[in-house]
Structures are given as C-alpha cells and as structure tokens.
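As structure tokens, here come the structures.
After this come two complexes, each holding chain A, first together with chain B and then together with chain C.
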Partner chain A sequence: MKKITILTFAILGLGLVAFTNHGGGIYKTNTGNINFFSHTSVEDITADNHKVKTAFDATSGKIQFSALIKDFEFPKALMQEHFNENYMESTQFPKSTFNGTIENMSVVKTTVDGTYTSKVSGKLTIKDVTKDVSTIGTFTVKSGVVNTKATFTINPEDYNIKIPKTVSGKISREIKITVDADYRHAH
Partner chain B sequence: MLQRILIFFIIAYAPLVYAQDLDLLDDVEEPVTEYAFATFKTNRVVNGHSIETVAKKEFDFKISHRFGFLSGGLYDLFGLDQATMRIGGDYGITDNLNVGIGRSTVDKTYDGFVKYKFLKQSTGAKNMPVTAAWISHMGVTTLKWTDPNRENYFSSRLHYTHQLLVARKFTEGLSVQLSPTLVHKNLVDSANLKNDILALGIGVRQKLTNRTTLNLEYYYTLPDQLEENKTNVLSVGFDIETGGHVFQLFFTNSSGPFEKSFITDTKAKWLDGDVRFGFNIARVFNF
Partner chain C sequence: MKKPIILIVLFLIIGSVLYAYKMYNKPHTDVASTEAAETVSAEDIFAAFDHDEAAAMIQYADKVITVEGILLSKDLSNELEPQIVLDGNGYDGFIRCGFKPEMLSKIVALEENSPVSIKGICGGMNGSEELDLLADTDVVLSNCTLID
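Entry: the complex of A and B
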C-alpha cells in the first residue's frame, strides 16, 4: 500500500516536472499592443488595445496572444460602444486569441541583441471563428527585451462580423492589424 | 488500488489538459470591473431621459416631433398635419456630467437641464446592481401674458422637474428603469391645483436586434395630483440605431416634448384612440 502510494507520487512528480519544464525560455508580457485600422474613402477607423496578454517559447517557437475585445479603445466613445455591441458582440464573445508558431525560431536569438525576421503562422480566433493567418514577424532584441512587430490584414466578414448595408462603405474589408509587444524573459 | 492511481492522475493532470490551448499565457485573470454599457440606445427612453449620458466633449443634437392624433384619419394624414416639436441637444462636460438645452413649440418653452450619473452598474472586482443618475430640469414658458394688465412676475413662467433615474441592464437585451420624479410649477391656473406633482416613471427596453429595440415608457402620477381632465403618459416605440444616428419612432398620448408637459399636461387617452405618432432623431457630433 505504502509502496504504491509513494510510487504514485513519484510518477506524478516526474510528470509535473516534465509538463512544466518548457526547455527554453518563456518570454511574456501582459501589456502588448494591437492596433486595427480600417481605411475607406469615407472614414478611417482605428482602435488600440494596450492590455494584450502574449507569450512565446524561445525553444519551440510557440507564440500565443489573448486580447479582451472590451479593451479596444476608440477615439470616439460611441464607436467603441457600437464596436462592442453591434459588431463584436463582446458580451457573448469577450476574447480574441491567436495560437501559432514562430517558424524559424532558431534564427531568432533572444539572447543576442539584433533584429531578426521569421514567418509566424497560426490560428486566429475572433467571435469563435478560427482561421489560419500568417505573416512576417520582426524580432528586435535589445538588452533582454524582445520586441515583436507584425502586420497582417483580415476581412471582418470572415469572422462572422456583420456589416449592415447602410455603413458598408465606411468599413474596409481589409482591416490592417498591427501587433507590437515588448517581451521579457519569464522563466 | 488501480482506480485510486487513475484518479490521482486525472486530478493531477486535468488542469494541464485544460490549459494546453493557450498554455504559455498567465491563466490567472486579474479581477477587473466589468461595467454595463448600452443599457439604452440613447439618452431618452421615449419621452423621458434614460440613464445614458453623452461622452465628454460630445454633442448630441436632437430633433423631436409629436404629431396629431392618428384618429384624425386620412384627412389629417393620420395626424401629420399637426406637429409639436423640440429642437435641442445634450452636451458632455464629462462622461458622467451632461447639460442640455432645448426649445419647444409647446408654450414656447425653453428648457435646460443638468444630469449627473453617479452610479454605474458593474460586476467583477466591484459589484453594483444599478446605474443611477440625477437630473434637474428647468423650463421657461415665453408665451405672452394672458392678462398683461395685472402684475406679472418672471418667476411665474418657471417650472422645474427633478428626477432620480435608476436602471438595470438585466440581460443583454432587457433593461428596466425606474424614475421617481417631482414636477414643480411656480404658477398654476387656480388655487385648487397642485404646484408639486409626484410621479414614478417606468421604462423598459428589449433589444430586437443589435441595432433595434422596443421601448415602453409609462409615467404614473400619484393619485389626486393631476387636474381632472389630465392623464398619465404612456408611450411605445422603437429605437433604430444606424451608427451615426438613433431614430426613435413611437406612439404616445402626449404632445409634450419636455418633462413638465408630458408628465403633468397630457390630456389625450389611449383608450379613446387619441394616440400620436412621434419621433426623436439624435445625431452625435464630436468636438
């Protein structure tokens, strides 16, 4: 009985260590930035989220983002309300996430100052619709901080964001998303 | 024994399995306060104010019309031959403090108000069941004196309305507001009429789609407050929000576009078929 219990704990212990040890370093921030920009001849719409949670694994190249829709700040209060209430339905779909990979992680030397680029691809989820996206990320390492910048475009209609005919000309079908985050080594 | 081991494993690894999706991110959410927003589409339920305020440095320009009785039939084009109207606007000094002015054709009245939202419905780190605002209106009628020969005072032209607006967004679609109200008229037509009238407003809105709502508003005046021939105001309407504008289309038995008039001066009764069509158009400008 005792032996089995000890054995169980031993196995469990090993298992936990194996699971929590990511091998390389995890780089994190809870204050990443995501900006989106919609340009049409009628109107430009832009909003910023400065509270994006994001992290990447410097060994496996795994990279993840999580942004609360309500944290997108607009210059006009009414736009922000309509964004949440009419377009993103943020009470029902509070979060948007990205789960992907930095494809050439070995190229990005997170311990050596410099600028590196790598393709980043993965799954972007908005309003519970998941699509594959990919872009080129720029990684700038400077005194321990890894800054990541990337830009890509999405079509809101791909993510179940309905645009009524009356405002059709005011909202672009190619919304530019700009990601900018300063990561620090976490463990 | 095998079962026990299995249970140990399941318990130990369950959180890891769940966290696998976004396993790199901090899964501990800091407690945040989630404020209810868009309890109503605009700062009017139908006739009366809602708890909504315009944001800082924004001006909400409003044009309101109430037409004649639908019972006027085709001859009056269902009331469209007659109209009372108010033109005015609300301005945000801060997100919670608004001021507004307006001019109505009814008794050639200028009105102004100060509105302050002092509670915000929230959940999370801070829990607050309701949103509440205080609003004080003042109105000046500028009709010529009915008897210019007697001594007339400017103060006789004034009336005031004070309201506590308390609203709760129960679900994404349903919001309810209660508005205890005091109307004070400096001068009434005869000595047996009351200068102060107490009323309780009830507003309900139900979202039909993301951009349209059904609104119901009733102002109940306490018994023996109104004149014999006056009645309570009941309104049913729709809000249609198009992005830049909110159109409020409604049916009501009052022709008054400001508080004192629709709460205390409504004569027409729904049961007699004396119902009017009306609309408010709101357009927000940024400064």
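Entry: the complex of A and C
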C-alpha cells in the first residue's frame, strides 16, 4: 500500500515538473505591435498598429493574429487615407488575420527565462486573399512574459492590392512586416 | 494680352502646388476638437457590430464618436498606446480604446467598474469566430480622449 502511495506521488510529481517546465496553456495579448515598411528610392512608407490581438497555445503551438487595418497609423494623414481607401479598401475588408503554428513549440520553454527560436508558418489573410507564409520567430521569456518577434515580407499584388501606375515607383513590391508582441499567460 | 494669360497660368500652377503641399502635410484628425458624429452606449455599438459588421462599418468606421460604458480594466501593457476596456455585452464582447502615451496619467487615475465617456475614432471590430484563440471580440476606438 505504501509503495503504491509513493509511486502515485512520484508520478504526480513528475507530471507537475513536466508541466511546469513546458508551460502549457494559452498566452495572449490585445496590445501586440505590427509595423510595415515599404522602401523605394522615391519614398519610405511606414505604419504601426499597437492593438493587435494575438494568442498562442503553448501545448499545441497554434498561433493566431487578428489586426484591424484601420488601426495602422501613418506619420502622414493623407498616406493613411490612401492606404485605407485606395489600396486596402478597409471598410469592406476590415481585418487581416494569421492562423499558423509554432513548429518547434517543444523547444520554447514558456516558464524558463531565455531566448528560443522556432519556425512559424501558417496562412495570412489580407483582403480575403489567403496565402501561406513562414518565418523564424524569436521567443524571449522573461518573468512570465513571452516576447515574440518575427519579420517577413509580402508582395502587395499577391493580396489583390492594386497599385496605380502613377504611384508604383513609391510603393515597394516587398513590404516588410515586423511583429513584436508581449504575451502573458491567459488561462 | 499675353501677359494676363501667363499670369493666370502661373497663378494656377502656384495654387496647385500649394494645395498639393497642404494636402500632403494635412494633420491627423484632432479628436479633442472634433465634435462627435454620434453618442452611443458601449452595449449598443457592440450589438451593432455583432449583429451586422458590414453595416456597422459603414455607420461608424472612421468617424469620431463618443461611447459611454462601464470601465472593466486598464491595459497598460503597451507603453506606445495605453488602452482601456469597456464592457460590451457582459461576457466576451468589449470596447477597446487606445490613447496617446501622454494621456497615461489620466488613464491611471480612472476607477475600474465606474462609468466613463470616451471620444475616439472607430476602426471596426477585432477578433474572429474563425480563430478559436481569438474568439472574444473588441470594437476598437483610437486616438481617444476622456470626456469629463
């Protein structure tokens, strides 16, 4: 009887240690940052969104983003207007989403301070057009906060973003997207 | 006769350049000095987006509106844009209001579970039923100011 009790506690203890080391559960933020940057010899264009909703499941590695297009703020009001009305048609297509996977979730120890990297891949939807994208994500765990940084490029024409010939020299065909979010354990 | 025509053309060119320059550098909407197009309760605007997002986008998006509701929480996790959250439907629907960093001290002073009145530019509803981790939804306001 004593042996069974000791064995039970040992199994429970090991399970607890395994769970604690790996973390598990959902990590979330509603205040993630996404920046996009377009560079041409004529003009640099940049915009920031600080209200990106994103979460990942530390067990399965599932990771999701949802960003409102109208929340991208440009230094110049006119650029912001053109971006929303002419290119993104953001009243009709208000959101951009990403639904993907942190491929090596097991190497990202969400309860152990440190920096980890993993390939992140999934489906990016802009203007109702969905394409596969992948990049390397850097996960920095510090005091329970998991900071995630990732960069990738997209071609606007792949997402049905039509750029008129008159301004085509001002907008790059390689838009750099930078993601930077501080996740906290949700439940 | 030639001179007046040259002068008119010159005047038109200078006018066009000045207008283009002014448009290129026009400032963002100053929410504080802009009269709200509409005043609506947090519950009503959330219900409008929840019921018919496309129609609510046409009604509210890009407009300066005032939203009145109960302050559920302050989200100061992003120093670039301090935010507050109002109750939208008593469960998983919220109004998320973003402020300029210089408003931080005023936001910190707010009391949770108290009524607040917020003026800001509506950007739409964030979150998606198709993304199971992000199933809770927020109607989002930006460049907000507090109404006393």
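The rule is simple: the second predicted complex is superposed on the first by the 164 of 187 C-alpha atoms of A that agree within 3 Å, B and C clash if a C-alpha of one lies under 4 Å from a C-alpha of the other, contacts with A are read in each partner's own complex, and residues count from 1 in each chain.
Here is the rule we go by: a contact is a pair of C-beta atoms (placed from the backbone, for glycine too) under 8 Å apart; a residue touches a chain by one contact, two chains touch by 3 or more.
Worth saying up front: this structure is predicted, and the values here are computed from it rather than measured.
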Superposed partners chain B and chain C on chain A - clash or fit: clash
Which of chain B and chain C A:53 touches, first, second, both or neither: both
First, second, both or neither for A:164, with chain B first and chain C second: first
Touching partner for A:33 - first (chain B), second (chain C), both, neither: second
Chain B versus chain C as contact partner of A:78, first or second or both or neither: both
Which superposed partner A:174 touches (first chain B, second chain C, both, neither): neither
Partner chain(s) touched by A:184 [first = chain B, second = chain C, both, neither]: second
Touching partner for A:99 - first (chain B), second (chain C), both, neither: both
Touching partner for A:67 - first (chain B), second (chain C), both, neither: second
First (chain B), second (chain C), both or neither touched by A:91: both
Single chain B stretch clashing with chain C - from 26-34, 170-178 or 188-196: 26-34
Touching both chain B and chain C, residues of chain A: 26, 28, 30, 53-57, 62, 64, 66, 70, 76-78, 84, 91-92, 97, 99
Complex contacts: residues of chain B adjacent to chain A: 1, 4-5, 8-9, 12-13, 16, 21-26, 34, 37-38, 55-56, 58, 95, 172, 210-211, 241-243, 284, 286
Residue ranges of chain A in contact with chain C within the complex: 26, 28-33, 48, 50-51, 53-57, 62, 64-71, 73, 76-78, 80, 84, 90-92, 94-95, 97, 99, 182, 184
Contact footprint of chain B on chain A as seen in their complex: 1, 4, 8, 12, 15-16, 19, 26, 28, 30, 53-57, 62-64, 66, 70, 76-78, 81-82, 84-86, 89, 91-92, 97, 99, 164, 166-167, 170
Partner chain A, residues of chain C touching it in the complex: 23-29, 53-54, 57-58, 61-62, 75, 77-78, 80-81, 83, 96, 98, 123-128, 130-134, 138, 140, 142
